[in-house]
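A short write-up of the structure that comes next.
Chain nomenclature is as follows: A, B and C, assigned in order of appearance, with residue numbering initiated at 1 for each chain independently.
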């Protein structure tokens, strides 16, 4: 009896291995050419595992690196500067003005595009040249997570994408918890444009971050990037000014000085005119969570010092 | 007797053939160079054996560069001939193809198209084209009711309409934020990067009949330059000829502008350059502008593509930077 | 005697102002016909109507026994050639190029000249004695040379009638005579009818076979120089003092103007 069970066990193992092998083969047969639908509903056919990718926007480059597949990127756009290694990747133009020749010369087997910004005719041209183009549309945290998932599947990095997503979720939940304790939700004016004055509307991820970080976006509304005159901003009576560092150093000081003239503003009274690094605020990548954490600490410093004190204990 | 006259026909054929050769040469160079290397070898292989080995390079040359070089040639030809015709009709050496509001009207059309999110082809093309036709009609209505000598009223109406359009354009630009601003600026500066074989074929279909028609009118344009009165006594129907040439030229230039934006300077300077070199006879200038203008544009587009380390310059910048000095040098030489 | 131009009850007005008022006359074939008259008499307008530059609404005009309305523009260009007073020179052609444009009504659809046309142009240039300046640009010529070049162009049209609008207006003495002699030569050697508008009464008297005197759009007088250039007629028309006698060179009247300081 035992010997037969042993034989069956061995046999079962063999069966399992055989089954696994069969599965692997079928899996790779199927993956010989995948037919997928990208985030814009386009049907994209990709054969085999992509080994030479061209990322058509800096955010795409970042996301692919976050998935641990940065070495597959053979071409990136001009401002793909994160992480550090991305700076060494050959350039293929800027994301609004792509150089088709350079892209084609890199012989990619997959291009990843973004909906907002990449010129349509370039995408069409690449497809006409039989280069598959997978388009994503990372507009907010949810779609960034979707993008991570999909690219994870595409690039055979599902494990890593799950890990990244989980990390993001945990950090988001942590912030949510801390911010829930706030007794006051301050009015924020988030300034991304100096001249003219431009802020962010409801349909942007910065708005989402502000809400998550326990603040109110004064510029909320239908227009994605609304413009304001100085008077309108004064009428808002913001409690906090957050200005992104589109231009370095000197310009921020000037802007801060400008707003400081209006001493009646709560933001001026409490000295809450703050500068943030635009690099993490205007790209739809996992670093948005970094931005969220920065924002939360700026808006509710009181909640975080207690946290720090508590963690120090 | 002298070398210029008689047998203008022979002279025209000789000049046309020379320019054709120049154009072919320029196009070959244009195909061989770009932001990637190896083109010359591929072209040589193609010329010698009829096919190239490297398929990627092949794709680059024939599917990316070739439509662009072709469109550049068509743009150069159309704008140069357009400038020549407007200079003849308006009897004004400062005339150029955009002077009668074509630029203003089509720009407004294109910008509106970009803002409402139309794709380059066919959406923006059609809107831009309609914009320039509407503007032409506006100008014709504004300057109608005068006698056969409508030259100055046409010119003035055109200048006014263009000024108004500029104001509208600036207004539209001030409303735009985001990446569409980039698209608009590139269109206003002239953009050959979205050239496509299908578009090139459509352009050729639209332009070649116009070129032929204009060539048939070359001698008539010579007569127009002698003054309307003399032209009438020579059998020219001034109103009909002016109207026909106006409509045909507007049609041609609008087709180009709606595809490639406002590439400037070519239409003003090429006719003058060629006139300095070859004389004022339109029977020679028309083919010279078509073939010479296209060569010039192909070369300028090539430079626009290869000079900057990253990306490309607007081709209108190159046409001005090269054209102006050449013109001044030629002008100085012929004055002495 | 055939009639070259037959005008009947011609009327022409600019908007509401009548410039030519119901005039009728005829020009005989092969004659030297000079139209004179004070400023504003309608001389130039009459010339423009005959040449087709202006269109008249009332009246009839026959050119070589055929109504002018029945001619196509091209046909008319082969019968009548026009020599204007001035021409814009923004885009200067060479003299030869400009003279060759006279062949336009005869050229085919592409407008290229053949050997025959080139010969005709050469002959015209020789006839007007401008071979030495045939290669110069138009804006490098003197007034007289330019006028002769335009006459050469008109000759290339091989017309039966040549119209000239004040051809001697800005010419020096020598060129005035040269041009008038050229017209005479055309009349005699080629049988071309010459119709000219002129301010110069003496030249009109010297060369004209028939003079037409216009005042305020109406015909004041028409006939040979002896009949038209008389003291009474001229005094009434021009309203100024003049002295008339017969020229010592032939049997034609000679007009001398009298400056204020010499008038009685």
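Here is the rule we go by: a residue touches a chain if its C-beta (ideal position, glycine included) is under 8 Å from a C-beta of that chain, and two chains touch if they have at least 3 such contacts.
For clarity, every value in this text was computed on a predicted model and none was experimentally measured.
Common neighbours of subunit A and subunit B: there are none. Once CA atoms are averaged chain by chain and compared with the all-protein CA average, the nearest chain turns out to be B. Most remote chain with respect to subunit C, judged by CA-atom centres, is A.
Subunit B and subunit C have Cα centroids separated by 43 Å. Here the spacing of subunit A and subunit C, counted between their Cα centres, is 86 Å. Listing the residues of subunit C that touch subunit B in their complex gives 48, 51-53, 72-74, 76-77, 80-82, 84, 87-88, 90-94, 96-98, 100-102, 104-105, 107, 109-113, 115, 118, 122, 134-135, 157. Across the interface of their complex, subunit C is touched by residues 1-2, 4-9, 12, 87, 91-93, 215-216, 218-220, 222-223, 225-227, 229-230, 232-237, 275, 279-281, 283 of subunit B. The residues of subunit A lying in touch with subunit B in their complex are 78, 91, 93-94, 96-97, 99-102, 104-105, 107, 116-117, 119-121, 125, 128-129, 193, 198, 224-225, 227.
Contacts from subunit B toward subunit A in the complex involve residues 34-36, 56-57, 59-60, 63-65, 119-121, 177-179, 182-183, 186, 193-194, 196, 310-312.
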